[in-house]
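Following this message is one structure expressed as structure tokens.
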Amino acid sequence: MSFVLTHSAYGKSRVRLTKIERHPDRHDLFEWSIDVQLTGDFALAYSVGDNRNVVATDTMKNAVYALAADGPLGSPESFALRLSQHFLTYPQVATVLIAITVDGWRRMTIAGRPHPHAFAGEGPEHRICQVLADRETRRLTSGITDMLVLKTTDSAWKDFHRDAYRTLPDTGDRILATSLTAEWTYLEEANWDSVHTQVHESLLESFASHKSLGVQHTIQVMGEAVLKAVPAVAEITLTMPNKHRIAMNLTPLGRENTNSVFLATDEPYGLITGTLRRST
Amino acid sequence: MSFVLTHSAYGKSRVRLTKIERHPDRHDLFEWSIDVQLTGDFALAYSVGDNRNVVATDTMKNAVYALAADGPLGSPESFALRLSQHFLTYPQVATVLIAITVDGWRRMTIAGRPHPHAFAGEGPEHRICQVLADRETRRLTSGITDMLVLKTTDSAWKDFHRDAYRTLPDTGDRILATSLTAEWTYLEEANWDSVHTQVHESLLESFASHKSLGVQHTIQVMGEAVLKAVPAVAEITLTMPNKHRIAMNLTPLGRENTNSVFLATDEPYGLITGTLRRST
Amino acid sequence: MSFVLTHSAYGKSRVRLTKIERHPDRHDLFEWSIDVQLTGDFALAYSVGDNRNVVATDTMKNAVYALAADGPLGSPESFALRLSQHFLTYPQVATVLIAITVDGWRRMTIAGRPHPHAFAGEGPEHRICQVLADRETRRLTSGITDMLVLKTTDSAWKDFHRDAYRTLPDTGDRILATSLTAEWTYLEEANWDSVHTQVHESLLESFASHKSLGVQHTIQVMGEAVLKAVPAVAEITLTMPNKHRIAMNLTPLGRENTNSVFLATDEPYGLITGTLRRST
Amino acid sequence: MSFVLTHSAYGKSRVRLTKIERHPDRHDLFEWSIDVQLTGDFALAYSVGDNRNVVATDTMKNAVYALAADGPLGSPESFALRLSQHFLTYPQVATVLIAITVDGWRRMTIAGRPHPHAFAGEGPEHRICQVLADRETRRLTSGITDMLVLKTTDSAWKDFHRDAYRTLPDTGDRILATSLTAEWTYLEEANWDSVHTQVHESLLESFASHKSLGVQHTIQVMGEAVLKAVPAVAEITLTMPNKHRIAMNLTPLGRENTNSVFLATDEPYGLITGTLRRST
């Protein structure tokens, strides 16, 4: 009997980088969690424990902090690209995957003015990006996770498939709540920070403004809104858990529920996804 | 051998209430998690399983939704007081503890205007309140949890106790980051919503503006700021984990760390608390 | 206006200690998370940032690792007592609170024999202990958290209070599931490890064997079982979330539910507590 | 401008099923969390909100409970296959993905005998399985997540790549700790429960017994052990976070660390993966 290693990869996860960049009028604050994953010529480490080609994951961590010290970080996307180039300088490395999650900090406004060095934590939304690179190609994805949004009306769910297992009635007016994940790719180089801002605004605006006929419908409306608003985006994937709010039956308690009192539930939840791109 | 039940209590936790209150120009949204705990004449349920006095925790949950339907919720504090009065109508109940945690939703601003029915989730900060009531007295506490704040300078930690176990050097300029919990009591009836807003502002302003000589010092400065700014507050307790950012030693990597590159850590963490009240 | 600091405390939390103790035939493994909290003469640190009395929380962490290196750990209780004595050697310290949570590891059995140095993680149950000490007194509490237990029968919930808010019917046969927390104090010095084992066994045996008339009833049965079985225990507090399993209504799906198909829910949950001690 | 929906899928996640199967001598207990995801002819729901083809995620949930009631569950794998067949009876469905996570319960042993109806929760390890099926093919994967294992010796990490970013020294004797995920596919129909038991045993035995030259080496040793021991397994992927235990430097505290006192850390962590299959 013999066996073959058909896939392997390794790296460091959750390298938590904090950086202060000091300017005359203010400090800028960056808190990012960075993951590195490499593939390449590492089979001997698996088969016989020969580690000579293996860049230790501790060494990867060191490289992240060293490169962070070498100059301004810029956007997560540009730092991820820089890190991917660094790890490709090792001849034994074939592909590099860099993923960055931004822990958001909002500069405080004190007495009506932006404070030079005090920040309040944001959440739960995170900006993310990912670079997958080899020596010929690179694929950059940007995204947003955990964008928590809710609308109290302009959301229906009706005329869906009827069969022996359906018990849910049609409703013309329900709460729509989700914790959105969006990920997009690019047609071209862009100002990554601006694109992030535009996508974010476009998602909020389209979520708020349309009349939803279902989460599937909302996904297409929101994805199209982004593609219309942001020319640099090639393709966008939206994933939405349906965070159900269930209208309470108050009749046994001698009251009418005027579609106003709900139970918020975390599970089970619907999970709906869709990917949209420009048609050619 | 015989045994005695020296303390008992029971209730329902995590009753997750969502309510929409519809106005001509807008919807208001409330998402609260409510805990109820009762003490009273329930010993027979423990000793012999006689449940006749026991208001089921499911019944408590029903009461929360029913009372929520009966009129506008108002502030968490006023609804907690209403719930405590409700449970004291049961003669077998001696004390009622109601705790409410608010899941924050911020009305979206779309095209420069507040949207009538779309909301974005806030976090990680939560507004909380608690009522402990019997038939003679009631104690109301309001609070804020998980207020995540960070300042990149105006924070020192030096001249602390020296002994054989100390290895940490003095520092005159470090990052100060915490996830603050504040809880306060009242001198008098107040507009609970206004007090919450004033305490929140006062905490942010004092955190940003003072020069910290240590977390203990910061707690006193912030607590005094609240007591000065908000006359209705009798006493305030501030609890701060010290969410350490550790300056990376880049010397082995051939670089100098100009107090700008840090490792963010979650544990271990310092945990410091202090309670301040007006002196008489 | 002036203000007074009425309470203060500080310390280090989540000091995660791993220790290997090597014996000729085996290694013993300890993984504990340790919290330290001190009160004492620290008011100047709060009021004016004079830190000269303040033992840094980093220094506390160092002391934990140093004392762990100085000899065998013994039980969590004995190490917590040793730590409390250490921190009381500082004259400025008035009280010390030490809390230890044990991350359980079970020695692997390989080919029918205990392995000398390989371990499998246990969970979710944790052994805990706590010492609160000053120079005259000390109070030791031991405990168990997150003991997840379930019985599929011998559990009823009926004849509870009837009122306008009750909708839950009586049931003579339901699932009883909980994640138990137990905490006990001692009448006397004891073999802490043995007591932990005896309490653990006694809780499981009494949970499994009795016919529950409600969670309150189960708490008293289990608490009495511990007090009967373990003479060193003075008082025991049991706290039980009622982790509801809700029988599904399958009638609309053309099926009968023979009390066999349930929905497991995490919230809301009942939360019931009781403290029992020997009567005098 | 026009846009095209290039991918879509939807379903229900975290359907938490509890089932009791009653036998004359004992109850069997099953607690599974089930996810369903469908692809198919649902584009009109996205593009124009026409939901007539859409089987509501609530309907999916109902089907899970109904099928669970229809007969013995059997293994997670066989129930997942049954569910996949059910959802393929809808003509609009193209592919079905079913994923099941088992919440482990161990029958209690009371007074030396297995108890008929009392269970203790296991963890953190979970058995999982996944079926991806269409009308022609089906792919079944089984697995184990969160298998927490640690060895206190027989683990080295040395002779790895040297470069300007390396600071970690060689070590011949370190703690190896991980939270293993294993996923495997099958060469043939098998007794899924037996395979799970055999894989589990084989992973533990090989982890404990080999001398690790690095996590990569350990992955290959463990993967080969499974392929040797379990003929029905076609291919296995092992993923291991390296849950570092860092030896404390006690020299500044006047003590020697005899490789016995460590700091347990959760992040950053190495993350290593490898897939092995039989060579042809």
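We call the chains A, B, C and D, going by the order they appear; numbering starts again at 1 in every chain.
Everything that follows uses one rule, which is that a contact is a pair of C-beta atoms (placed from the backbone, for glycine too) under 8 Å apart; a residue touches a chain by one contact, two chains touch by 3 or more.
As the structure is a prediction and not an experimental result, all values here were calculated from the model.
*Asks:* Using the touch definition from the top, list the chains contacting both chain A and chain B.
*Replies:* In this structure, the chains that contact chain B and also chain A are C, D.
*Asks:* State the chain with the largest centre-to-centre distance from chain B, centres being mean CA positions.
*Replies:* The most distant chain relative to chain B turns out to be D.
*Asks:* When the C-alpha atoms of chain A and chain C are each averaged to a single point, how far apart are the two points in Å?
*Replies:* 37
*Asks:* Just the number, please: Cα centre separation of chain C and chain D in whole Å.
*Replies:* Here the centre of chain D sits 29 Å away from the centre of chain C.
*Asks:* Report the inter-chain centroid distance for chain B and chain C in whole angstrom, where each centroid is the mean of the CA atoms.
*Replies:* 24
*Asks:* At least two other chains touched by the same residue of chain D: list those residues.
*Replies:* Those would be 16, 62, 66, 165, 167, 253-254, 266-267.
*Asks:* Inside the complex, what are the residues of chain D that reach chain B?
*Replies:* That would be residues 164-165, 167, 252-254, 266-267 of chain D.
*Asks:* In their complex, what parts of chain C are in touch with chain B?
*Replies:* It is residues 1-16, 35, 37, 42, 45-63, 66, 90, 92, 157-161, 163, 165-168, 212-217, 219-220, 223-224, 227-228, 235, 237, 241-242, 266-279 of chain C that touch chain B.
*Asks:* List the residues on chain A that touch chain B in their complex, please.
*Replies:* Where chain A meets chain B, its residues are 16-22, 27, 29, 31, 62, 65-66, 68-70, 105, 108, 110-111, 115, 117-121, 123-125, 147-154, 175, 179, 204-205, 207-209, 245, 248, 250, 253, 255-265.
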